[in-house]
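Chain nomenclature is as follows: A, B, C and D, assigned in order of appearance, with residue numbering initiated at 1 for each chain independently.
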Amino acid sequence: MKKYYDAAIIGGGIIGCSIAYYLAKENLKVGLFESGELGGKTTSAAAGMLGAHSECDDMNIFYPFARNSQLEYFKLEKEIRELSKIDISLCKGGIYKLAYTEKEKKEMESLCALPTVDWLDANQVISNESTISPLILGAAYIEDDVSVVPEAVCKGLGISASVLGAELHEYTQVYDIQKQESTYLIKTPAGEVEAQYVVVASGLWSNSFFESMGLSNRIVPVKGECLSVWNRGTVLNHTLFHEHQYIVPRMNGSLVIGATMVENDWNERPSLGGIEKLIVHAKKMMPEIGEMEIGSTWAGLRPQTFDKKPFIGRHPEQEGLLFAAGHFRNGILLAPGTGKMISNLILGKEVNKKWREAFKIERRHEVFA
Amino acid sequence: MKKYYDAAIIGGGIIGCSIAYYLAKENLKVGLFESGELGGKTTSAAAGMLGAHSECDDMNIFYPFARNSQLEYFKLEKEIRELSKIDISLCKGGIYKLAYTEKEKKEMESLCALPTVDWLDANQVISNESTISPLILGAAYIEDDVSVVPEAVCKGLGISASVLGAELHEYTQVYDIQKQESTYLIKTPAGEVEAQYVVVASGLWSNSFFESMGLSNRIVPVKGECLSVWNRGTVLNHTLFHEHQYIVPRMNGSLVIGATMVENDWNERPSLGGIEKLIVHAKKMMPEIGEMEIGSTWAGLRPQTFDKKPFIGRHPEQEGLLFAAGHFRNGILLAPGTGKMISNLILGKEVNKKWREAFKIERRHEVFA
Amino acid sequence: MKKYYDAAIIGGGIIGCSIAYYLAKENLKVGLFESGELGGKTTSAAAGMLGAHSECDDMNIFYPFARNSQLEYFKLEKEIRELSKIDISLCKGGIYKLAYTEKEKKEMESLCALPTVDWLDANQVISNESTISPLILGAAYIEDDVSVVPEAVCKGLGISASVLGAELHEYTQVYDIQKQESTYLIKTPAGEVEAQYVVVASGLWSNSFFESMGLSNRIVPVKGECLSVWNRGTVLNHTLFHEHQYIVPRMNGSLVIGATMVENDWNERPSLGGIEKLIVHAKKMMPEIGEMEIGSTWAGLRPQTFDKKPFIGRHPEQEGLLFAAGHFRNGILLAPGTGKMISNLILGKEVNKKWREAFKIERRHEVFA
Amino acid sequence: MKKYYDAAIIGGGIIGCSIAYYLAKENLKVGLFESGELGGKTTSAAAGMLGAHSECDDMNIFYPFARNSQLEYFKLEKEIRELSKIDISLCKGGIYKLAYTEKEKKEMESLCALPTVDWLDANQVISNESTISPLILGAAYIEDDVSVVPEAVCKGLGISASVLGAELHEYTQVYDIQKQESTYLIKTPAGEVEAQYVVVASGLWSNSFFESMGLSNRIVPVKGECLSVWNRGTVLNHTLFHEHQYIVPRMNGSLVIGATMVENDWNERPSLGGIEKLIVHAKKMMPEIGEMEIGSTWAGLRPQTFDKKPFIGRHPEQEGLLFAAGHFRNGILLAPGTGKMISNLILGKEVNKKWREAFKIERRHEVFA
């Protein structure tokens, strides 16, 4: 007889691991299937900035969802450490979102109107972080936009799920999902399993499942290149952010600089030209970074949907089949919220109606207009 | 209009790259599709021993095919260097296949009867390689079983094919191959192309294609773990071989020790226990290797068929569709022969009938009996 | 005019960085000189077990010093994070010091008599850690023998010192220290500086300074080889310890296995034979570790003195010259205590008289007899 | 009794290994002492361009010496492979020294007058290498300025010397050399040896020996930063060279881009700003290199003397003591010539008088004026 799971998760990135964790907490029998290693692709390439405020441009629907997910991290940190002994390196200090021009300052007005955000002028910013470029006009200071180490979160969620009973199948590619009478058949090279619920959480690699499930949804890659430097002199206490690029301090003494945006590039390695752009932009934020030692360079493919918002929800017609993919620049931030939302959908618990509408698979362009 | 290729190769390991090379030499318009990097999986994990003699137990069919492929390397080395500027590091010296017991010596009798193989007693062996264990009875010396660096061969064949006009699509997974009227449609996340001929050369990852093409053939993994050491003292001039394990000298001063055989393990990383076994066996062949510095450790998944011989040939029913996969322990050795055979099949040239029969997809168990 | 420091520290391992930190806290003008990178040698090779109890055999003098240093870590963790933003990954859980025989159990009697240590029988141990070998009789459980990541501690102390005003000169070898009238002249390839106090904290590389300062003290290397594994299944909550070997869980999901003891070997790389020994011993403690994925392998040279205790104190004749070197297996554990003791000696504060006697440079064999 | 060597070489970079090799060939009993690994510092950071023509500005003395050394490589390649089984990857194709302006073209006139050098106009250059910038005026083509892999040469010379009887002591720092009656005493942490001849070949790290030997000679570092890229598309058949920067094709499919010139920087790691400069300059030579994948980044410290020429010769007063250090940008190119010259000096064979004068330790500024 085939192995049976209440829920099979396809994909062991941070989204899949979060779903596995929240379902395992609810005592479902969970199997997670990952073609490589947990968090080995898009997840481990991310810088881990939890930019609920700094990355949001839609305050109506997206911000509350993101903010909710961000707050979950403050609980998760302890839960993960206790279950898996893994430290997610939640790094406080928050973000300085820099403005160099009056135009940039004006664009941040609605952001700065939030109770959790303050505008600081150049003097204030530089007196706190003396290495920031003196050319800034000021910065929005967002204390709650902390950062984590994405790989650690992903592994931590996965192993915690496993401690709670989930089964993690790494190096196990799912090549087909077939509807049966009351369950799904999950086909892998290592054999077949059955599951009542299937959640496709394969990020950029979800397209073949969309296609075989009769959905026209597609996800395209937006490559992001990154590098790290070793900060031996001055300590950077805040993440610096400008024009979608950032310098994130890590708690091991390094700084992560990211990230470029290269549409439709499937190559998972950074290019020379991408690295050059990162250095130029980082020096604009923090001139002395040019003197620091380069650490490593890497790249990851962000999964982008047509409206840059994730697909989270049920297949419009097939009972028991769900999707959670396409988190673009915000996979780390949205992982806990996504995990909880999928868990609630499966368990029949209440889910915020606006979010259900906004992220549903079958939505059309107007939603976020 | 869709891009058109005369031949689309699915898989950029050494087999796929060899096929691309031999087809490009014949002026076919070739497209190669690889989900990661050229040679990034099974190929780069191999030690690169060209064991036409030492690995063969079937002198009737398999040996001539292997030997033919081995001889091709002596031409390929120069062709690849001239076209791609890549050096495949063909390392001469040959193999000492060691015997510790009379039984092992006896089992090598038919091997030693070949004109290209000599039996050397312990004194002769040790006077040439003073570091070999004094416990041996002797060794079969096979001068022609040289070695290459598999990753270099694969990249060299790929880039040479590209210089001859082939198009290499790395980071491009093929998720479906559909028969059309006179061509095949190759579906990838980056778009679709058309091809008259399709060759599935995806090694272990060919199963989903077998399945979707209506074939019951399957390939299973046999994981092989390896490690390298830095040889700072004595120089090892021959590959040592015993019970399917080996110590292969590389031309950069390292020795490659391989390889374990772990059936049905899809995990691509070496285990502690596997590394321990390798060390124990290597010390049995060359006691002082225990003093050498460990370099790196790695693993690869060998693609094994039901009879341990590759599938090379046409789909039994579908015109224009071919397979070249399942080379088990001998992918590096057999790559040139496989590339030529597929090329000849596509171009309608003559192919040794015994080989066609022995490697055909639809064969049953009796062939190699 | 030459640059002047109140105190020049020679050596940027964990001992030198700790001294720099405690002196900088006291507002001394500190310069630290390191020939490579902070913590790049012996420090980063250590597993980071703070074995005040498990590593001590002298309860009279050494234990109180070690215990004092251990307790300092619980304060340091926060101080370092606040000053340098570096997390030292202090990992709780403590040590299980395993006994397989009645003899081993008996040898732990005095250890178990300490109020901070408990004896657990096999059932208790295995019910807490199901992966421990069922062959044990039991274990001494030492909750306070936690672990840290040595490289992080070292960098954290160094950068914290720098934030407090110390100057860190990496890649700056000191090749001579010359006594002048009231100061010392420190010669480096990058130029000369003056200092009132000089502390030689160069670990194994202190011998040339002993010699040029007219001391017959010598430090010899005891190489320790280590490896790490990725623990994907079960979580290990305690460090396992047996016959000076250990398995230490890290908060990133890895386990560190160490360490061999190879006397008088200056080679800084692990040997094949050393790795084999580690695996054999680790499997004895935790059989299923053989299934885990190997991470990396490395080695470090422990600085051993004639009586295995460090030299901490003043040069017997030369005013202003101090030594802090030779911490053997316990450099991480003893770093805070050593830093404080040197700081107190320089500032003329009180220092425990027993410790001064026990660790003084000019001691002879009888001290720890 | 102490171990005795005819010649002790201090330093296991490419210069020291070359000296060891040429002395061992002459049947001297040679001991080589290296504080880390063979070729682990400046040597392995070099790109390996043998720029006898492209790097020379003194055609009278330096060029013949360099050219002589260059020609030696064509013999060495085979000798090293036979003795050590190491392939030095001698890569043919030569150099295109690019000119973008009439001024640059004019500066190459004397170079192009050499019989081994040709001027090619832009069309000729680009028809051979289509990826070179169309902004060039042309290039000097120097077929003989081939390249090697420096680490392989160094290891190959070292192991070949060892096969010929030399003893290589890695991880063995020499901290003092003392003149005795008829020999020298070499002091290392691992003990003392005696030698009739001592050759200091410690590159940048020779200063402390100069000082203790009463010489005022000094060597200062000029840091060079490098990076590699993976060339997957077009094949580059020539090294490109412009304003002391270069793109060197390697025979493994990578390109090495180097190198910056940072005076008096002892830090051995590349900085962000240095990497940026390399990318900008490389794109000027070969615009499409911006699209290529970055491989690794590294740096090395070139040993520069007051007149940028090496010190090769005898101590002016102390019999039996020789120096071979300070090869600046040309250590790889000059290694064979230096090894032979030192060997000839020790054996009392004839040495070109001009070279002896030009490279002698006690020279003053006028020599190369």
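Criterion: a contact is a pair of C-beta atoms (placed from the backbone, for glycine too) under 8 Å apart; a residue touches a chain by one contact, two chains touch by 3 or more.
For each chain, UniProt lists the protein as follows: A, B, C, D = glycine oxidase.
This structure is a prediction, so every number in the text was calculated from the model and none was measured.
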item: Size of the rotation, in steps of 5 degrees, that lays the CA trace of subunit B (glycine oxidase) over subunit D (glycine oxidase); value: 180
item: Comparison of B-C and A-B (more C-beta pairs in contact); value: B-C
item: Separation of subunit A (glycine oxidase) from subunit B (glycine oxidase), taking each centre as the mean of its C-alpha atoms, in whole Å; value: 39
item: Averaged-CA centre spacing for the pair subunit C (glycine oxidase) and subunit B (glycine oxidase), given as whole angstrom; value: 48
item: Junction residues of subunit D (glycine oxidase) - those touching two or more other chains; value: 170, 267
item: Footprint of subunit A (glycine oxidase) on subunit B (glycine oxidase) - complex, ascending; value: 36, 170-173, 175-176, 189-190, 204-205, 207-208, 211, 221, 264, 266-268
item: Touch list for subunit B (glycine oxidase) against partner subunit D (glycine oxidase), complex; value: 38, 81, 83-87, 89, 91, 93, 152, 155-156, 159, 162-163, 168, 170, 232-233, 235-237, 249, 251-253
item: Of subunit A (glycine oxidase), residues touching subunit D (glycine oxidase) in the complex; value: 227, 229-230, 267, 269-273, 275-276, 279-280, 282-283, 289-294, 297
